[in-house]
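Presented below are the structures under discussion, each in the form of structure tokens.
Two complexes come next, and they have one chain in common, subunit A, joined by subunit B in the first and subunit C in the second.
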Partner chain A sequence: MAALKRAVLLLLLSLYTAFAAGPFVWAAMLSLRTTTEIHRNHFAPPNPAHWDKFAEAWFTSNYGVYFTNSTQVVVSAVLLLTLVGSMAAHCLARYRFRFNRVIYFVLFSTIIFPPQITIISLFQILVQYGLYNSKLGLTLVYVAIQLPLTIYILESFFARIPSDLFDAARIDGYSDWEIFWRVSLPIALPAVATTVILNFILLWNEFLYAVVLITEEANRTLPLGIQRFIGDTQEDVGMIATGLMIAIIPVVVVYAFFSERLIQGMTAGAVK
Partner chain B sequence: MAVVTLEKLTKFYDRGPLPAADAVSLEVQHGEFMVLLGPSGCGKTTTLRMIAGLESISSGTLSIDGRVVNHVPAKDRDIAMVFQSYALYPHMSVADNLAFGLRRRSIDRAEIGRRVAAVADTLGLTGLLQRKPHALSGGQRQRVALGRAIVRDPKVFLFDEPLSNLDASLRVSTRGEISKLHRRLGATMIYVTHDQVEAMTLGQRICIMNGGRVVQVGPPLEVYKRPLNTFVASFLGNPPMNLLPARVAEGKGRLSVKLGGELLELKQRQYSALPAGAAITLGIRPESIAAHASAGARERLAGVEAEIVQIESLGAETILAARIPGIESELVARVGPEVGASVGERRSLWLDLSAIHLFDATGALITADVGASPA
Partner chain C sequence: MPVGHDQSLHQDGLRKPWATIGVFLLPSLTIYAAFTAYPAMRTIWNSFHRVLPRSDEPVGLANYAELLRDDIFWRSVRNTITWACTSPLIEVSVALLLALALYARVPGARFFRVAWFTPVLMSYVVVGILWLWIYNFDWGPVNVALRAVGLASWAKPWLGDPKTALPALIFVTSWMWVGFNMVVLLAALHSLPREVLEAAELDNCGWGGKLVFVILPLIRATLLNLIVLSFIGKMKIFDLVWITTKGNPLWATETVSTYVYKRAFEWTTFDLGYPSTIAALWFVIVLAAVLALTWLFRLRQKLEY
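Let's look at the complex of A and B:
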């Protein structure tokens, strides 16, 4: 009976793995084949494997530039988000002050606006401040759009840290600033990791703001770069797949690095 | 060691018109173990937090060793506090938890290491120094919390119900450890609890609080034997003191009290202030009531007829609940194991006249005239 249960479980897990990993494996195979080979047979294995396509994409098709731009914009945005978000969340969760909940509500309520509503005004603002078509402008926009969700996730976690810990640290002689860095933030690391992964993946794949706010080739991010290979009448499917693989790798690395913390953040809850 | 003086310490919170602590005045002496005892919401924790510097003081004065510290930050008061939840930093090892407070006080690393090792040795934590709090049992966490306070060598120790998260047997042994610790360190300690057993066993003096106010302060036995009002009388003791409605049967001078149909003559005391017919409350502890009385002992006892309504045999003793005709509340007696009584039986119960307390209509103790024998 136990063996049967195990077999059923294994079967279900295998099916789920195939469902989840299938598209990834397929894209990986496509990335090693030329567009001509792909048109001949969509599902054939990469034989021979064209590893040189990665070098070609990176150097000839400008993916190197896109990748660097994406990395600069997203890493800075995620760093800023983590720093500002965790400070704001700590403050909202920890201190009782007038309009605390009002501020929290106003911050959080901004997520109800679809991006299409705000994008034209954002465009205007960036043009006025000379930030249009710049990586700094896009970074700031990314921070602004992701901040409410970041604060929402972190605030609920910070609020669960018992206030006795802060009191103990105060008696131990630490200032509010030190308590944030040495007590709150380390305890909230699982939740911080959750927001890092979420923000990284969402921003790494972000397209709408990037396509409106960046037009210069030198400042394009990866999703815009990949889009360049989609023409009106024909698509370079092989190169798109290679670009996709280049784009996916950092996400996988970030996830692998933070996933244990992410799981802790989702399951832990209790601060012993 | 230090003297902690509270003068009319009051705390108002934004959310309520009534003070959480209402003009609390108390002096804790050098090296004294003072217990703040009271039911939930009586203001004892608020008072402790004001002493710690974790709550602002609405009015009144708090001084440590004669220096007013109302506006001195918690870190500069030289106090240590043990919290109910232990408040161990979950991301730090036991060693780091112990050293965290010292690192802030510009003590060199070697000295910190030496102090941490010494405290760990005293509390049996040496083998646990590299563990994180989640890998410790409740008792071990409690010891780390104690260690964190001791390692700082503060002027004053504050304890906020530190035993309430422990199971019964661990509570008894930790109680003993805290008591030993006090004897060894000789430090001033202020301990908050709602558990009267902890208060009676640990405290050199007990400060009983109710509704934000100090109700009575004194050594445990004095507070137990001579409660100043019905609140203290009913709060201390398990089962608590019997409080029965009674009337003064005669006028001034030697007093008789009518309890139900019985007339009790309080021969040894004089209460010149009590008018005849006044409604009073008669208090007597369960252990001051006997099921049997030898002929010789009856001189200082008064027998009352009562119907036994419940018998709880606890092995070493028996708790009897009885009803005196004409009185609604039950009379509870703590008697010997071999009482030989049965439920429904009417029998005499013997009240020790010297252990009777009288309270007026407001619940305050009526004191006997000066010169008369005390209760």
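Let's look at the complex of A and C:
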């Protein structure tokens, strides 16, 4: 009886797994088939697998450009975020001063802002400063939107480092900057890694700010490229699927290596 | 004892290294001021103006007055609030069932956990296109399955019918976020004090009783947090709608975010003032709703303890 119950439970869980992951498996199959093959049967496995479709998407459908743009913007935004965010988090966790909690609250509370409150003016501001339609402008905006979450995660970690360590470092003659760079940051490496991975995924997938702030083909990031591509070729299901996989693969690779860390980061805000 | 000397020592020990603090905080505060605080204030300023590419003209409360009479806006508010109120309940309850199943030590729990979490890692752009296909009238798996089991008359263009379009999209967001909620709830379940559960078992408490009287009260804080989080997420929703329906058919899936975008960048009115008004009002509504929800949950917690 107990074995039967367990079997039913396992069956249900497997069904749910198929439901949760099935769409991606399907997209992966579609990405290796041509649209003609797909229209004959939408659910057949790729036989033979057309790997060359990835080269075609990359070179002739401009996905190479989108991919490079996404990489440039996201990598530089994540680097900046990590440096700027950990400096602020270290300071807020380590130094006692007036308005410490006020600054923390002001920075953190933007997490619930709906993006519309800034996006129209950001458009005006970036146009004024010649940053509209540029990767630099988008990068800076990305730093701004992920800053609250980054500071929140890092601050709670920095605050748990025992202060004896800092007193010892100070007695050894470390300067304030050295204490941050050579004591705080190395110890907080796990939390830093969590924010790096989390910010990478969230910004890699970002669409709203990109669609408002970028219009030029040469500066499009992957989500924008995909959107333009479906606009142009509604019916070419096979190639669209290949494009989707190009966008998904980096995320899957990161997830394969860091699944626990990523889950930790994503859920960090929810558990508190 | 030389008091003055003592005092100066004391002050020296407490002297704040303001310069250091400034260096550490300056980059963050600059970015915050330039790309969050200033734009937010400018949006509010915009909302009292007609903002054309070359000129601003103060209009007082005219934008707000127009907004109150704007039927499409109220339609989008209704859609968004429907979304923000249904999704959290669906997501959290399904996630709780799945988390309980994994908590009961089924084999392969780790694998299930990692697999179920995947949808939330994909961008709404990818998810939107996938579900456009899944709901496709001719060859989408949903309609294919319905026809296969002899329910051909139920097959329909799910995103093209004003009656089903919004529920179909709500379903997509639930599909996406259940795994996330499940992982958080599972972590909460695993951190429950073992003695309490064992005590309940000793008292001959069945699974149902244990769930309602022991587990749920203990993880209530997590449940409520997840509900608020999901609520905030749905109040902002834009990408999924923009990729799949753009608010169609007949404004059935228009959300506040898509409407702001349309009024600012798609409609050829060129006025950024009116969409800023929508954004400003919506900002106040979201803030008030979040504050009200947290206050409500806190209050109940206090009442029961």
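Note that in this section the second predicted complex is superposed on the first by the 227 of 272 C-alpha atoms of A that agree within 3 Å, B and C clash if a C-alpha of one lies under 4 Å from a C-alpha of the other, contacts with A are read in each partner's own complex, and residues count from 1 in each chain.
The working rule: a residue touches a chain if its C-beta (ideal position, glycine included) is under 8 Å from a C-beta of that chain, and two chains touch if they have at least 3 such contacts.
Small disclaimer: the values here were computed from a predicted structure and weren't measured.
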{"item": "Contacts of A:162 with subunit B and subunit C, given as first, second, both or neither", "value": "first"}
{"item": "Partner chain in contact with A:251 - subunit B first, subunit C second, else both or neither", "value": "second"}
{"item": "Touching partner for A:10 - first (subunit B), second (subunit C), both, neither", "value": "second"}
{"item": "In the superposition, subunit B vs subunit C on subunit A residues touched", "value": "C"}
{"item": "Partner chain in contact with A:181 - subunit B first, subunit C second, else both or neither", "value": "neither"}
{"item": "Which superposed partner A:171 touches (first subunit B, second subunit C, both, neither)", "value": "first"}
{"item": "Touching partner for A:259 - first (subunit B), second (subunit C), both, neither", "value": "second"}
{"item": "Footprint overlap on subunit A, where subunit B in one structure and subunit C in the other make contact", "value": "271-272"}
{"item": "Residue ranges of subunit C in contact with subunit A within the complex", "value": "16-18, 20-21, 23-25, 27-29, 31-32, 34-36, 38-40, 42-43, 46, 51, 98, 101-102, 104, 106-108, 112-126, 129-131, 133-134, 139, 141, 144, 175, 178-180, 183-184, 187-188, 222, 225-226, 229, 232, 235-236, 238-239, 242-243, 256-257, 260-261, 264-265, 272, 275-276, 278-280, 282-283, 286-287, 290"}
{"item": "Subunit C-touching residues of subunit A, taken from the complex the two chains share", "value": "6, 9-10, 12-13, 16-17, 19-21, 23-24, 26-27, 42-43, 83-85, 87-88, 90-92, 95, 97, 103, 106-107, 110, 112-125, 140-141, 143-145, 147, 151, 176-177, 180, 201, 204-208, 211-212, 223, 226-227, 230, 237, 240, 244, 247-248, 251, 255, 259, 262-263, 266-267, 269-272"}
{"item": "Contacting residues of subunit B [partner subunit A, same complex]", "value": "49, 52-54, 73-75, 79-81, 83-87, 89-91, 100-101, 104-105, 133-134, 148, 152"}
{"item": "Subunit A residues within the subunit B interface of the complex", "value": "162, 164-165, 167-174, 183, 186-187, 189, 271-272"}
